[in-house]
Amino acid sequence: MNPQTLMDGLIAGSMIGLGAVGITLTYSILRFANFAHGDMISWGAYFALAIAGALGAAFSGLLTPIGPFSFGWALPIAALAATVLNGGLALLVDALLFKRLRARNSTVIIMVMASFGAALTLRSLLEFIFTSKPAYYTNALQIALPLGGGIRATPDQMLSLAVSVVIVIAVHLLLSRTAIGRSMRAVSENVQLSGLVGIRVRRVIRIVWVLGAVLAAIAGVFAGVLVQIRPEMGLDLLLPLFAAAILGGIGSVPGAMFGGLIIGVSEALAVGVVGAQWRAAVSFVILIVVLLVRPQGLFGRAE
Amino acid sequence: MTSAIVLATSGLVAGYERDLPIVRGIDFSLHAGELVVILGPNGAGKSTFVKAIAGLVPVHAGTTMLGEIDVTALPADEKIRHGLAFVPQTENVFATLSIKDNLLVAADILPKDLRNRRIAEIYAMFPDLADRTSRRAGQLSGGQRQMLAIARALIVEPSVLILDEPSAGLSPKIVAEVFARLRSINRAGVSIILVEQNVKAALAVADRAVILVEGRLRHEGTAAGLTEDPIIAELYLGARPNRALTP
Amino acid sequence: MNLELISYAAFFLTVALTYAIMCLGLNVQWGQTGVFNVGIAGFVAIGAYVSALLTTPETAGRIGGFGLPIVVGCVAGALVTSGISFLIGALTIRLRSDYLAIATFGVAVAVQLCALNLQGLTGGPFGIGFIPRPFGEFAGNPLLFSLLNFGVLAVLVLVLYFVLERLARSPWGRVLRAIREDEAAAQALGKNAVKFRLQAFALGGGIMGLAGAVQAHFIGFIAPDNYQPILTFQVWAMLIVGGSGNNRGAILGAVLVWAIWAASAALVAAVFPAGEQARAATLQIVLIGVALCAILLLRPRGILGELRVVSRHLLKLPAAGGPTAEPNSKKAPHARNS
């Protein structure tokens, strides 16, 4: 295997992994496959685009690229704002739609159908506001720098990889060492018992929505930086995200990142063999194999 | 008993479906320091009754008072904060969490300075658990799990502890340990309600017993009195007269 | 009477009825067996492409030129889709419902991918054109053409309706209902539940393929873009709005939702200037998405009740260990006073 292929795969995979972490959290704690997660990623990217654009227009100095990266300070500031807005968006969608369905004890299938509807609405809204023309945070070109061993990567790519790893570690620590993390794990296992021990389940649910949305926003910004911004970007990621989360084992944060990396590398390898147009098939194949052979994934708990 | 009433239900009607109440109007009271056991044939509604008190089953009518406070409509996560702890029969620990995390999750509702102290006190009370704090609860034996569930409930120093068939699925030796533990907890001042099928073991530790039949409270008496009454025993407790309930 | 209006009405109803066929197929999968198929668009596409390939004239760079009659194409489309549904079902039908949903979603993505990339087979992103239309010789007379097509479709839907109703009342249908009500009991009676559900899944898939084929012949042109997730959403919406798990509801829902769709499209198109039509289309989808989420929230007890009954029984599936089981704690969590 060509080391560069591996590197490309890891970079793409870290983005998928970041999104998959959000999916695995919402899936295990909210207990349904949220088909709207992909579009949360898109919204995060577009929030950042709009804010970065506004900041750049007001203070052109913020557009000057920072160091070796392709973007100026406008983007990190916008990304931060985007995570907040995305969290708000998730809470809004929950309050309008999912919370009410939960209150009526809706089954999993209704929740998934609703998420499908929400996904379509969110995506089309983006397309309406921004049109489907691809957008970019910056026009600055990046040169891939040699890292040794025949591998090259752009500074943007290395940043994305590094940030993804840091975030996954942070989320893992959150889950394992903090009170809110304990509450999340408890709710993920048994909602009724959680209430009995005094956990405020409503609050945990809101926090999970926000955390998922924050992770989605970050994934969206990086996808926008490394590739491009389109209303469909989230939808295109949805199957790889689900495949990664299921491969890693629903509920396992390290598993989701690991799954994402595996998918990223597999896609990179496959593209070399069958061509780039078949990239999306890789996730599908991996998903089916996992569901047939070991549905609990690598690190998930067998039910 | 003349001591204060710590928990009382008045005309409690409850059930999963509105038109099919399983609990059909129960007046019940628990005095401070008492250990009361709820007995009755299968399907009598014993579990449903305590679950309704705990907030797991919808209450259609009547009230539950915890001391002076009306807790009827409070959700479970509020009731525990008022000092009402419930240990369900099944799924009463978080199997995927360690012993330590199981206790921490319960302690998280306490103020920070109190948290570590209570955990230490609980470990002192349950040395078996202290020996293996990082073991996942799912890997514990049935008896250890029950102890963990009780330990967890005690973290918040509840005034009332309710247990739903704590002896279920446990060997006689372990049942004896669990019940001995409950007695000592009770002696330390925690008022306890027990739902039990294991009549013999329950009456041995209880002060008082009530018998539920078809959702209503049919009979009440001291544990000693019921133990000696063969007709009650046969009618409600499924024992034949000559197999007396000698403890 | 305004002939143009009749012509338009016939055209509108014809399209609505092609959707009705898809709904009937979905009803077999969902209403009869509770399979949650989120990849409807894929199944429809398979039927459409098979029929198109068999009936179109020779085209450079692509397999074709069989020039078979339309009926043959449609039947073949249904059969091939049915076969592929059977295969997919064999792999996935034991999965719990949300994993099944993800898997079927993946199937639709995979089908679209194949349609896009296997240019030699499917014509790639350009799709397949010159698909023969029934009564094509009357194309010059819009009124006659649209009425004839409507007639064919109406007959087709009626036949399908009656066949499916008979099937539902047949021993086969009764077994399916028994499985839906209580799988443990059905299995105790010696009925292999999986086998029956698989058959229903394949049948439903075949019907969806038939719908795709019929639609392809009516429109005369297909491309991968026609089979996006939004099609899946439309069909589900139709079944929810009209269907209470029964076939009449499927047909009515299709017509009703298609009417709403067409009306909103016309409304939005009227409001927006000519250059902004693409954007107008997206707004229409936004409105539809919102409206249908609202329906999920506010549905009258009846439709909700039916769906609940099916789902509740699914939740009772025996816990055979492993991911196929759905323990009751797996419902979406809610705290009181949420």
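Some observations on this one:
Which chain is which? They are A, B and C, in the order written, and residues in each are numbered from 1.
Just so it is clear, a contact is a pair of C-beta atoms (placed from the backbone, for glycine too) under 8 Å apart; a residue touches a chain by one contact, two chains touch by 3 or more.
Just so it is clear, the structure is predicted and the values come from calculations on it, not from any experiment.
Each chain gets a centre from the mean of its Cα atoms; the one farthest from the centre of chain A is B. In terms of Cα centroid distance from the overall Cα mean, chain A ranks first.
More C-beta pairs touch across the A-C interface than across any other pair of chains. Mean C-alpha positions place chain B and chain C at a centre distance of 53 Å.
Centroids of chain A and chain C (each the mean of its C-alpha atoms) stand 30 Å apart. Measuring from the averaged C-alpha position of chain A to that of chain B gives a distance of 44 Å.
The set of chain A residues touching two or more other chains comprises 190, 192, 195, 200-201. In chain C, the residues touching two or more other chains are 329, 335, 337. Within chain B, the positions touching two or more other chains are listed as 55, 75-77, 91. On the side of chain B, the complex with chain A involves touching residues 54-56, 75-77, 80-81, 85-86, 88, 91-97, 101, 104-106, 108-109, 152, 156. The touching residues of chain A, when paired with chain C in their complex, are 29-33, 35, 97-103, 105-114, 116-118, 120-121, 124-125, 127-128, 131-132, 187, 190-192, 195, 200-202, 205, 235, 238-239, 242-243, 246, 275, 277-278, 280-281, 283-284, 287-288, 291-292, 295-296, 302-303. Interface residues of chain C facing chain A in the complex, by the touch rule stated above, are 36, 38, 91-92, 95, 97-99, 101-103, 105-107, 109-110, 113, 116-117, 229-230, 232-233, 236-237, 240, 278-279, 282-283, 285-286, 288-290, 292-293, 296-297, 307-308, 311-312, 315, 321-323, 325-327, 329-335, 337-338. For chain A in complex with chain B, the touching residues are 179, 182-183, 185-186, 189-190, 192-201, 301.
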